[in-house]
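Labels A, B and C are assigned to the chains in the order they are written; within every chain, residues are numbered from 1.
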Amino acid sequence: MQLTDSPKLFTTMWAIGTILFILVAGYILASVAKFVIRQQGGSRTLQEKTFLGYFFASPWILGFFIFVLGPSLMSLYWSFTNYRISEPIVWVGLKNYSDLMQDNRFITSMFNSLYMTVIGVPLQLAAGLGMAMLLNQKIRGQTAFRAIFYMPVLLASSTAVLFTWRLMLNPNNGVINTIFRWFNETPLYYLNASFIFLTELTSALLVALQIRNFTIVERILSNGFPGPERVPLWLGSEGLAFLWNKPSVVVIMMWSAGAMMIIYLAALSGVPQSLYEAAEVDGAGPWKRFRHITLPMIAPATFYNLIIGMIATLQIFEPAVTLVRDGGQNQSLYFAAYYLWRATFRFNQIGYGAAMSWVLLIIVLMMTFVQFKLSNRWVYYESE
Amino acid sequence: MSKKLYFLMITLLVALLAACNTPAEQPAPAAPTETETQTETQPEAEAPASSAEQVNLRVMLVDYIPDVTDVWLEQEVVPAFQEEYPNVNVEFVYVNWGTLDETIQGYFAAGNGADIINLGSEYVAEYGDRLAPLNAQMAEWGELDQFVPATLDTVTWDGEVRGLPWLTAPRAVMCRTDTLTELGFDGAPTTFDEMIAVAEAGTIIENNALVRQGFMADGLLNNWQEYLNIMNSLGAPLYKEDGRPNFDSPEAKAALEFMNARRAAIMPSDTIAGLPEASGSRLATGEVVCRWGNLWGAPATDDPLWENISLSAGFTDGTGEATVQVFNDWLAIPAYSQNQAEAVAFLQFLGSAENMNAYNEQFGSFPPRTDAWFGYVDNPIMQEMGRLMNEQGVGFADVRETAQLRDILVAEIDAYFSGLQDVDTALENINSQYEAVLRDAGRID
Amino acid sequence: MTAVNNEQIIPVTTRSVRRRALNRTGRQRVIHTVSYLLAIGLSAVLVFPLFWMVSTSFKTMSEANAPKPVWIPAAPQLDAYAQIWANPDWLLYISNTVFVTIVAVGGTLISVTAVAYAFGRLQWPGRNFIFYLMLGTLMLPVQTTLVPQYVLFNWMGWIDTFNPITIPGFFAGGAAMIFLLRQFLMSIPRELDEAALIDGANQWQIFWYIILPLMKPAMVTVGLFILVGTWNSLQFPLIYLQSKGLHTLPIAILNLINPQATTQPWPLIMATSLIAVLPLIVIFMFAQRYFTESIVLTGSKG
């Protein structure tokens, strides 16, 4: 279907066709639902309600079958085959799944996501909460600040903005390291050096866990406390830079914590002021109030942000393409979404890609389940 | 409860039926346009060139220089072609390098697409079987013996020529001779040891950040393509007789150890910040002393700076001769094409010495055929590069399951270079992982 | 969880309460000032990448990548913008992006609103089951259906057309959006519908004349989400939009970076980036009033 002459016209036609299709199919669906209710002896009002409900919901129901359920089942089938486009499909049983468990790149992508979950998401949560607490002070120009704090969210997923970050995070002449070097000449150097030391140590620990070899950690320790000549290696590609690629992404995540901020703002506005007043009267200091009132009261928001944030760590795609070359040194920015894309569209391994996507689904479900279980211990719901 | 379930199942079934009908029902409004395209793209297959039947030839090209090459093709080449073949209408589909793979896959998956497609250097192993064999047509044409042998490597599969080389870029070593003299070297390095010495002496580190690098391979120190070339230079093929990978050979190890030693000479500590993003050829800015790569990364060939730049093949362990890796974009005719005769005619028209020269001049790349080496190719630098390519060139071809090999190589080399594993483990991993990939792809038993 | 009760205030004497209150206003003022300064500082940090983008787009090539960063170009260059202006391709990329965004936002917004209405306002058998099924799809990684969808689209001849990134939205793509709108709908008092029903309005009229106008802030918000998502999206266009004539801005900008080239045209990249980002910022500025309003509202009614 090469309508290269006017691809926009082509899609417009399809759009109109799709709307008509949804209306017609929705009408049929709703009529059938109504018919079934009538057969069951439902009242006239119930029949009417059934018709309306199914008619309004029909776009999603139709879409679910066409774009979710159908493809999912197909993908499940392929995950047991060696399917490659235009070659015959051969059933291979569980081979794709067992291969996956031994696939270094897949394991790497899982550890990369683990790093982001353990280090990145909590930092992003903290940034979002910090911004929300700040705005919750009802300061002047609150609306403007809220807009500015949120704006990075609009930009963070844009290729364009990631390129700006790439320039700013160049370890050699990027503007961020330039500012960093200013501080290296002042007593604040100790702050910088601690930051470097801590970042490298945590990154190295995760790498060591992955390869089950702790020499890299020993190396960081034997390098000792960073001297004033040291700068973060951010998006570099040599030496220890692979320990810094993910922290660079964390910086960008913290920059765009506005989405989490909005959720926290909503939660904070729901905390009754009287609780704080009462606690203050009891002599509870700011930290105690934060610890014993704010945190428990906004726990549902934290829970929500945490789940969304964790699932998002599996989906990081753009940084692997834009910030570094082909996934980064030591595949430091290889995330599941990126690897899945490579396996499918670069290696042509559709069956393998399908297996990977199902393993991902299981992981997401497990993560959510565990979170729900754990949340019973610390999430406080108003209704309870 | 069961009634509810029953009801649900019925509705779901209806919805499913509706969903299945989508493609049949939906195109109603788009139907007229659809039939239009079909008559356009699938004209009579057997139409000979002389017939009055209108043929629409679709040519997919990577548009490297927008508004230059495409204008030239559409306004000069096609009208000239149509004087001979007035019945053939040529339509270009321009794609970008970044989405080339998806485009080609889509074409082959659908069994329908452009009649001539632009392929990358190493693609013959992936798509060779699905391209039209052209030995007979090319023999009839009789101009294939003008082509540089290394360029024909990249288009040959299973004993058949599968397309025409189109844009050629050999990779060699370029060094700043003025800097080398300053450092006390009397010429470009040709052995591993010399290269490591230059890498060490040529590197300048200030403030824990690189200011100048003794060596760089296309922006990298872990360049997997260079690694394959060094292996080649040592005389080791990529595959053994039985098709299994050859990374367990002593040459593979020597090559990798050399690359690591060279890297360590440049980066004595692992906390050094690399060079900034490039702003111009790093040879011109003085940021590197020696580089491996094609002429695009070097100053323009008419730049006076070339008085201070040497050109050589590469390095070996002191025995034998280094190879020059020859990259080639090439044009092929997919087996699904319904317009083979016209496609071959257009391919050969594009492949004339004049057209090859005119096209490649816009890039500063080489025309793949030597009788097209006139005009801008008369430049001494081009001549020297041409000589190297002709004498020591090896096509970057037949790299099976390239994308996967790239990932495996880069991952294992990185892990070795950053001290996470030793060289033997790295090579063992490369060999075993790549062997599994080849086996899964059905390329070895 | 033990939260402090309001009753506990009672034992405190009035005098101490007054003293505390006095202290508090003084302290509060300090806190406010500090917060204010913090907010300004944080804003500066958050806006900095944007500033850097603008500044770089006016730099010369050597300034853009100077060993010591140039904060503000000595003599602002318009070369990058002239280059974009001179190249009609950029107009095409912009028009492609705008087209894709309009179609996707239009189709998605309409269908999502309708579906949310069904879930949030209508009573019908099977509603809860389907609603939870929909929430369940939130857990499904997009990758699960990526490949089969590719094959589906390939089978339908949709590869290398705008369809795969626009048409699926018409089927209420985006369970999260439906959820958000439904939450908002739940916060609109039911009495409104009932009153209208008594006045003789039917469900269609209620939807059209009562609910839709009230949903404006939430729809603006959801529209903004979809708009940002479509405008910035890279992965799907990268897979489906193969011909150059169909490329959107994110792909075009990605293509400016050529890993083989010696120099990346940073001012040009930044100028195109600015063009890609500016419409979002402008739209956000207009929409942001509705935006936060609706989220705070839906959030508190969770």
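Following the convention adopted for this analysis, a contact is a pair of C-beta atoms (placed from the backbone, for glycine too) under 8 Å apart; a residue touches a chain by one contact, two chains touch by 3 or more.
Just so it is clear, the structure is predicted and the values come from calculations on it, not from any experiment.
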Inset, instruction - Report which of A-C and B-C is connected by more C-beta pairs in contact. - result: A-C
Inset, instruction - Compute the centre of every chain as the mean of its C-alpha atoms, then state which one is farthest from the centre of chain A. - result: B
Legend entry - Length of the line joining the C-alpha centres of chain A and chain B, rounded to whole Å: 34
Legend entry - Separation of chain A from chain C, taking each centre as the mean of its C-alpha atoms, in whole Å: 15
Inset, instruction - Starting from the mean Cα coordinates of chain B and chain C, work out the distance between those two points in Å. - result: 39
Inset, instruction - Any chance you could list the residues of chain C touching two or more other chains? - result: 64-65, 67, 125-126, 151, 154, 157, 160, 239, 243, 245, 254, 259, 266
Inset, instruction - Could you list the positions in chain A whose residues touch two or more of the other chains? - result: 1-4, 10, 14, 18, 33, 37, 54, 61-62, 66, 70, 85, 167, 172-173, 325, 345
Inset, instruction - Identify all positions of chain B at which a residue touches two or more other chains, and write them in rising order. - result: 7, 11, 93, 102, 109, 219, 276-277
Inset, instruction - Report the residues of chain B in contact with chain C in the complex, numbered from low to high. - result: 4, 7-8, 11, 23, 63, 66-67, 93-99, 102-103, 106, 109-110, 218-219, 276-282, 296-297
Inset, instruction - Report the residues of chain B in contact with chain A in the complex, numbered from low to high. - result: 3, 7, 10-12, 14-16, 18-19, 22, 25-30, 33-34, 37, 40-41, 58, 91, 93, 101-102, 105, 108-109, 111, 126, 130, 207-210, 219-221, 263, 267, 269-277, 401, 403-404, 406-407, 410-411, 414-415, 418-421, 429, 433, 440
Legend entry - Complex contacts: residues of chain A adjacent to chain C: 1-4, 7-8, 10-12, 14-15, 18-19, 22, 33, 37, 42, 46, 49-50, 52-57, 59-64, 66-68, 70-72, 74-75, 78, 85, 131, 134-135, 137, 139-141, 143, 145-155, 157-161, 163-165, 167-168, 172-175, 178, 255, 262-263, 265-267, 269-270, 274-275, 277-282, 293, 296-297, 300-301, 311, 314-315, 317-318, 321-322, 325, 336-337, 340-341, 344-345, 350, 353-354, 356-358, 360-361, 364-365, 368, 380, 384
Legend entry - Residues of chain C defined as touching chain B within the complex: 61-62, 64-65, 67, 87, 89, 125-126, 129, 151, 154-157, 159-160, 238-245, 247, 251, 254-255, 258-264, 266
Legend entry - Residues of chain A defined as touching chain B within the complex: 1-4, 9-10, 13-14, 16-18, 20-21, 24-25, 28-29, 32-33, 36-37, 40, 54, 61-62, 65-66, 70, 82, 85-86, 104-105, 108, 167, 170-173, 177, 181, 207, 211, 213, 215-216, 219, 223, 226, 229-231, 233, 236-242, 325-326, 329-331, 342, 345-349
